[in-house]
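Below you'll find a set of structures to go through.
What follows is chain A paired twice: with chain B in the first complex and chain C in the second.
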Partner chain A sequence: MAEDLPTPSASPPPAANTACGTCVFNNAAQLRALGVDVSGHDHVVALAGNPNTGKSTVFNALTGLRQHVGNWPGKTVTGAEGGFGYRQRHYKLIDLPGTYSLLSDSQDEDVARDFLLFGQPDVTVVVVDATRLQRNLNLVLQILQVTGRVVVALNLVDEAHRHGLALDQRHLARELGVPVVPMTARNRQGLDTLLEAIEQVALGTVATRARRVRHGDDRTEHAVSELAARLRRDHPGLANTRWIALRLLEGDPGIERAVTDGTLDRLSGATPHAVSSETTGT
Partner chain B sequence: MTSSSILDHAARLRDGLPEGFRDEVVESLYSDAARITETSVTERHDGTKLTLDRLLDRALTHRVWGFVAMGLLFFGVFWFTISGAAGPSSLLSNVLVDYGHSRLHALVAPLPTPDWVTGLLLDGVYLSTAWVVAVMLPPMAIFFPLFTLLEDFGYLPRVAFNLDRLFAKAGAHGKQSLSMMMGYGCNAAGVTATRIIDSRRERLIAIITNNFSVCNGRWPTLILMGTIFIGALAPPALAGVIAAASVVTVAFLGVLVTLLVSWTLSKTVLRGHSSTYSLELPPYRPPKVWRTLYTSLIDRTLKVLRRAVVMAAPAGAVVWLISNVTIADASIAAHLVGALDPLGWVLGLNGIILLAYLVAIPANEIIIPTILMLTMTLGTNLFDAQQGVMLELGTAQTHTVLTQAGGWTLLTAVNLMLFSLLHNPCSTTILTIWNETKSPKWTTVATLLPIGLGFAVTGLTATVARLAGWA
Partner chain C sequence: MASTATTLDRLRRDQTATVTSVNIHGPQRRRLMDLGMLPGTRIHIDRVSPLGDPTAYLVRGSVIALRREQARGIHITVEQE
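On to the complex of A and B.
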């Protein structure tokens, strides 16, 4: 029963005026939960992940909001918004619906995909269930094709440990090419490291090199490259051209619409982030 | 111009690709994920926790025992709610309704306020609000935390898993069991949750049938009817058990109706194949007891109560007005009740109940207070009630009012419970259905189908009961 009691760290420590509280190494103490206040944010952070991996728990931990946390898929079907401050910066956090992939066509998955592609968040935190790594990685790899500015939050490591699983997160980070942060969001463990990683990716102080997936056989790979080159020529500055090319080859109606109604032109109107993440695929 | 030529370019390249290139793309993604997982995860083979999870799952998702466990768990929750809420309810009723109302009247008496103002505000708005708080707060403060604990523990996905097989047989999407579970909190939320279903056909089925999940606003009606009419039939020691059993029966009936209507729709107007999907069972987690108590009290209980109070205040005013404005020797309420009475009789209900359901379209939470208010006004004047004024009533007195002034029988109570399950969605839900479907046709179907069913079922029950001589 004792472990059910709110841990002391569950409320912001009243340490702001003590030496530890203000120390630059005490990351969690520098978190300022801003609730629904997203005014004047410096960066947009998206929270993505499979259903039921603890996205809403991470969202609540960062924003101090009380989004209903349910232990089942399908509870967040629209993106919730909140804000938090870390060090000198304000972040706007978007909690996306949980999805297994970006390839299907249900409404909740569209919300997630469209936001990642068209909303161009500065950082995408993919919350991953450590006890079901393989299935979760399917989504991570797909997201890495859309954006390279990703932090993987390896959540539920306590459960993985109980189930007898040992995870090598450094190897995982090398394979994926983005920071991997092990955490137990329910107990606010790993939150400080996550904040640090979010800041580093947002400011570009760590270079992410998102893993590129080879698509099918050589012919498919060749077609993707050719169409991606064409997209880069027509829309200079457009990010993630390889992914868009693949979707166009597959005849994804949402992406075809984006081509015809000029959304792509708007995207290639080049926010600085869009340009810099272009290098991540190579 | 370039835009269309990019699409042409894509189409040309696509023609040059092998037939199954889409599957290959997905496959290469999956094999990548598998390889990375293999190299980053090592498994120790001593997972004792895992076997406990498996053991629990074997019982809770068993073809037979799964349903038995489900019944027992929900029964336990309701029994606890009903027996625990009685004391606090009558205490609140004493303080807010009995003491509070007369104190307010005493306070206002010396002031030069016109009678209709005190009547409208104190007897209409204040009393109905106080009533809603007294009747609804205690059961909700017990029910919601219990329900949320079950949810936090990871039990609800198991319920969905049990029902999944049945939904597949009914030609509906298995995920409908999830939106249905959301409906047990609020139908509007349940309708929004159907977005997780990709196929429009299956989504419509889920939307139309969501209303058969008993929502927050309807639990109090069921609990009260179960307590004062059905529980009262049993010896006092068993009353709580029987009352809880009757509430669980109605909730299960809702699941049955959901399945039957889904099946009928998928065999008639919404024909098609049911899609497959995989529902994963999350691991059991020790519930965070204190956090759950806190959030369920603040977020769920108070939210519902606020909605009930916000709705009860204007409804109280409306009831007071229609009871006190007279046209041709009778109040508007009396005219309306008179007009609805014949239909009410056929359904084994009465005109007052039907009028209450009209007044309560914005919120089901206020059904019981409205019924009581109208019964006391229009029925035999037992407690010297003024027009449209509710007096202080404990559970026992509520029973007296309904049977003696309202002429209620066991049939009325049973049919009210059935009608509470089977009637039109509240206005918020109707609006949500419209927003989600953007179709006048399906919004109408989703609104009228449940009430049509309600008429049929209560009419049938009433006829059978009368023919058999039970009522």
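On to the complex of A and C.
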């Protein structure tokens, strides 16, 4: 039925066997799993989320790799990398360790935090467990404070429905200000919509308006701005100085250490996207 | 509905409570809040270890195990049935 449809893409996807497989409206058919091949990527995509929400399942579905999937915390300790192609573009995908928070001080959570803050991925996909949405939204909100280029993958919707939960993803997307994609990664359901959302955020064809948390009074605001300005002066090129300033005001020991031991200098000099390998090397 | 203010370590198995404040400081406070233990959170006992410590609580659809001394720092109001 789609054989004589015009194909708008410059390089058509690998031919599939059925008419539907070659249809331009079939987004999933435009996915090319590239395994460990991350050469010449156009965009870097990070996969973040609470432990045991299906990040590695999404990772494997997109890259065709068999990154170890298991339901215990701490399984993914450093970020696994893989590649995939969608339409005309190549993406490098990084599977970050599960984390409940960007504010904690444990080693594997630091890997995720440092990459999200300083690796500056083009798109961050936050995989959330639809059956435990309240708890998962804590991390989503924290990530929205440091980047607006976010897609929320609302995973495990099949289980949520089995538990009698109804999900209003449009409302959620409106509240968060970023795309929300319901999916069941295990059955590859929703993968096409996820790919579409990743592309739109990567290319900037959809405008995200990340929900920002307002921080208290004018005095706090003043202190944060002043401290952030100093950080920018002392560490040119450093990303997310407002976030760091807030942590310093809180007295976060991990961040204080990063300021005094030169970690911030290294992060400000680091090439974007290269933070995870650097932190594990030192 | 009447309610009684107490701390989490005194919650009984058949009761449900609401967290009113987390009187714990430092990284542990951060951790508990990241796990969803916030003022206004409803909580009840999921199961108790043989010696009564730690105890597992059901919080926002997840199970969190706490030591008695941690539970003592969490202020709650118990719902009366």
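Operating definition for what follows: the second predicted complex is superposed on the first by the 205 of 282 C-alpha atoms of A that agree within 3 Å, B and C clash if a C-alpha of one lies under 4 Å from a C-alpha of the other, contacts with A are read in each partner's own complex, and residues count from 1 in each chain.
In the analysis below, contacts are C-beta pairs under 8 Å (C-beta built on N, C-alpha and C of every residue); 3 or more make two chains touch, one makes a residue touch a chain.
Since the model is a prediction, treat every value here as computed from it, not as a measurement.
Q: Touching A:R87 in the superposition: chain B (first), chain C (second), both, neither?
A: After superposition on chain A, A:R87 lies in contact with neither partner.
Q: Would you check which partner chain A:G164 touches, where first means chain B only, second means chain C only, and both and neither mean what they say?
A: In the superposition, A:G164 touches chain B alone.
Q: Could you let me know whether more residues of chain A are touched by chain B or by chain C?
A: When the residues of chain A touched by each partner are counted, B comes out ahead.
Q: Does chain B (first) or chain C (second) touch A:L103, or do both, or does neither?
A: Both chain B and chain C are touched by A:L103.
Q: Could you tell me if A:D217 is touching chain B, chain C, both of them or neither one (first, second, both, neither)?
A: first
Q: Kindly classify A:R266 by the partners it touches after superposition: chain B alone (first), chain C alone (second), both, or neither?
A: The answer is neither, since A:R266 touches no partner chain.
Q: With the two complexes superposed on chain A, say which partner A:R257 touches: chain B (first), chain C (second), both, or neither.
A: A:R257: touches no partner chain.
Q: Would you tell me the residues on chain A in contact with chain B in one complex that are also in contact with chain C in the other?
A: 103-105, 131-132, 134-135, 138
Q: Going by the contact rule at the top, pick out the chain A residues touching chain C in the complex.
A: 100-101, 103-105, 131-132, 134-135, 138-139
Q: Touching residues of chain B toward chain A in the complex: what are they?
A: 2-4, 6-7, 9-10, 13-14, 16-18, 21-22, 24-30, 32-34, 36-37, 39-47, 49-50, 151-154, 156-157, 160, 175, 178-179, 181-182, 192-193, 195-198, 279-280, 282-283, 285-291, 295, 298-299
Q: Over in the complex, which chain C residues touch chain A? Could you list them?
A: 27, 30-31, 34-36, 59-62
Q: Per the contact definition, I'd like the list of chain A residues that touch chain B in the complex.
A: 1, 3-6, 52, 66, 68, 70-75, 77-78, 97, 103-108, 131-135, 137-138, 140-142, 159, 162-169, 171-172, 175-176, 186, 211, 213-217, 219-220, 223, 226-227, 230-231, 234, 245-246, 248-251, 256, 259-260, 262, 264
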